[in-house]
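Structures for review follow.
Paired with chain B in one complex and with chain C in the other, chain A is shared by the two complexes that follow.
Up next, the complex of A and B:
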């Protein structure tokens, strides 16, 4: 009996190598380096290992923890608005677009998607101008319909700023869930729909009972994309409200807090170590959210094969 | 960034090669973030210097302001930075000095022309070593629309009571927004508001140094009273001031829609270019007529020597010249609103700028209270004052609460030396 010769198929690791090297160099290594840095601090001009001291300061010192919980709370609210407004609205728009009775669908689709490809700088600037109490068109528009008294400088009011920013972000990104759901709706086979119609399910119950269960996996993916995107958000707030998340830190989210901590702001000097600590915490928050979704929700969703 | 570094390294190497080739002529370079000043240096300052020292060639080599700190630190670490370093005030330059990048300038000719406030931004905490030659400061005050004042029939206020009387009249008249300031950008409320009016309450340097020494607290009346005054400003700001940004305020004023602009002198050049009405300036009002007055004369920019320069002699010659009267006169006139920090009596051609600088003779100069030492920890006092000023104007917190919050933040990390 000849022994089985185990051949190592070298071409597989070889072909994987470029991707592994690039991904490690630009993703894995910085991630681990950040994690590592969060265990250090400077004492008397030298970098020393401090264990979890930075984390104790972040959560234990009121000055830091207050800012952190505030940012986390704002972030959660920011996410909630997206989940409550952006995604349901995206689904409704997609359902309407996929309806055969609607004309000019290509136009609507494009018009609704365009903001998503605009730069956040443009979106932030345009909305700031629209809502400006001095030169904006919002007060004039409200005036035309006799509702001028309803106008407030929303972006400058503590009570409304975060909601306003969230809705601007919804306006910008609504095209993305709409497109994904639209694609999912189009991929539902005609036979399924026809069979349902034969069984007497038509109109809105066709959507609720047949189409919605079929697109649930897509909705799940959109939720997780929204979650990751929102907890990494920074740009729109930075463009409209500045790095301080004004007014009075009411729009300060984890991204802006990290920016100020890590890079410094005006006279505040950047702190590499506190910044790394915060970045690591953010990473674990997002990781926890994604894992919770993957193991808790995604696996339980039923998939249909056609 | 890497590309950028490579080009700078290559450029400096080329420079040094050409310097060797020229041999008899020494070239010294200036690192700066003032890209706007390129023509002033090239066309006015350096030719003037070369009249006296034709053998020293000076190159002005600015980097974009937002990249300056990072790029400069990278160049200093790799030993490719220019001979002279434009110094940011306080901790930024101090950190470079502590790291051994900036040379001590103790005993440099020309430094005797500067007072202690001027030098405070570039001396060590113990006051023993100075490492940059002060170049310019900005002064706070109020710029007003002369036509609007004439129309409403008010004159320049001197005391706080008069100031609010003027505001009331302008408001009653209804044609102008009394004060052009918004709270959206936060720093505007603090810089144009709090830092502008506070020196008259805390007696300038006396109060500032007392906080650093720990003999006074931010909860004391002289520190909370400016917040009470700011709270009264609310009624005189434009509609929707909560969302009004800094450029909005500038535009409101230069378009002639607002009567008074709480200002920093750096606005002068821009306002001169954009406003088509006569402008004047008045200093922050005092409590009673004839009271001693204090102004914020904030140190902003200076020039230091790279500790590793190959040409220390020539660099020192140039730095001494920066302390001279010729330099002060050219620089202050070329960039109105940036005032020379030296004691030389500089004549300014710009009327508005000379209004501002005239206050130096009548009042005591101080710098923004939080700038030295007090912004070093977390939370830093400067940013805290931004938020507090906004909260004061909006009426979200009482002055006493704000003082308590600021002091608590400071106590978190700062222990006075004695």
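Up next, the complex of A and C:
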């Protein structure tokens, strides 16, 4: 038997150190500081530890909790629209792009992807202009096909604003699921598709029986990316509807609520402690979603080697 | 029944002509092998037969019926791919049964056919596994099973053994030969491998640059190659080619002699040569010789030899097994 000599392999922590330092400085530390801050409040000009009092206010105080649940509900709806529209549409577009019969694929691919690299300010502003009842082109376009009666100021109506905003966001980001699925579809070997062809599986059954099962892992990844992206969303709503999530808070989501709470808006004063509390809650909502996905869904999706 | 007839098949990809005027007949139950150097169009021809690729010109006729317009699934063929091409998300059983399921075959019959094929290929214990949980040889057997289950008129194989290691290749080769015996269906098989071609085929089709060079029984191709390409391609080590005038042979430009048709002797012979290299294979040995006038050539002798590099040796070419070729590299048959 050879004696076991335990040597500490110093090079491992040493090499990890730079990454750990940078990651801690810009991720871990602010996160912990925010967490920590949510347990404090100001009393008589001094910062004091208040335990979970901030959380009790957030969920117990009607003024706060009503806003919070409203934003959470809107956010869930926002996410749902993305899951129901953006991702299925992305898959369909990718399937069409990967079809060998389609020409100009490079053009379509780029055209569909471009909005994703545009600034949300531009996207928000452009759509505000398009949909504006006064000088937008949407009413005119509808007029041209005789459907002017269908036009409504979608962004201004409480009943439609959130759906409209969600669809604008879908328009902007659809290129991302499309690209991911497109890459996954391209990675399916040609011979597997040809074997299916020999088995009489072509057209739509080729998609449902062979391709879709093989791209499920990518669809899982897209879902979780959408979830995280949507629950962190802020910019598009801020650019289009303002920080109040108008009209009447119908487009208020967690991001805009957090912005107002933290930094204040108009008459509302910024509150560091309430903001931290809300940020912490958001963090745990997203964490719960991601963990649920990782442990519940990811395990069941197989990655296939070809 | 499973007869195939190719009539003047040509295929171009853009400006590149890959196949030129290929005509060929495969009788029912025949085992036909396509051989040829890499890039000569073997796979393309097979894919045209399968219906995965359209011919630019010509007709594919299966069982007397023109099938150019039919899709792969309706031609009554099945194909085994080099990379197995199993469906990774399905069990072995589902992999084998998918084609039948798609054709709306009754469940009981699918089950029966899959069970039969699995028994034949000893896949029964693996039926519930997925392709990722199988070895390369097992995967290839599943791929073969998948094509058996469909009971095709013609089996197509595109280099099915090239991803397997040597020992497994021999086993699977024998399995395919047995399969051909028991199923009695026509098979078309593409390979690079000399041994596979010689051992399995009823008929070898030698392709070169998109053209058929020669069609024939393996032994016929070996004994009577119709041109220098086939002569050099069939047989290993390669046939030796000499300038006819150096050997004082009349009425020919080139003379070919197979390595096994050269006699060597330590003391006497027609040409005194130097040994440049010796390959000891155990059962036989390959000697690489050079002669000042003839140049370098190869000799194959049965059994083991005690010669070493640098020694001199006398070689004699067997006159009766010489192949003579004209200026177009075609064989000259003595009248």
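Please note the rule applied: the second predicted complex is superposed on the first by the 303 of 306 C-alpha atoms of A that agree within 3 Å, B and C clash if a C-alpha of one lies under 4 Å from a C-alpha of the other, contacts with A are read in each partner's own complex, and residues count from 1 in each chain.
What we mean here is this: a residue touches a chain if its C-beta (ideal position, glycine included) is under 8 Å from a C-beta of that chain, and two chains touch if they have at least 3 such contacts.
Since this is a predicted model, take the numbers as computed values, not measurements.
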Chain touching more of chain A, residue-wise (chain B, chain C): B
Partner chain in contact with A:195 - chain B first, chain C second, else both or neither: second
First, second, both or neither for A:163, with chain B first and chain C second: neither
Partner chain(s) touched by A:63 [first = chain B, second = chain C, both, neither]: first
Touching partner for A:248 - first (chain B), second (chain C), both, neither: first
Partner chain in contact with A:131 - chain B first, chain C second, else both or neither: first
Touching both chain B and chain C, residues of chain A: none
Touch list for chain A against partner chain B, complex: 61, 63-64, 128, 131-135, 152-158, 241-242, 244, 246-249, 265-269, 271, 274
Residue ranges of chain C in contact with chain A within the complex: 50, 52, 71-74, 77-79, 81-83, 85-89, 98-99, 102-103, 132, 146, 150
Residue ranges of chain A in contact with chain C within the complex: 189, 191-192, 194-202, 205, 209-210, 213-214, 302, 304-306
Contact footprint of chain A on chain B as seen in their complex: 90-92, 95, 182-187, 238-245, 248, 251-252, 370-371, 375-376, 378-380, 382-383, 386-387, 390-391, 394, 396, 409, 412
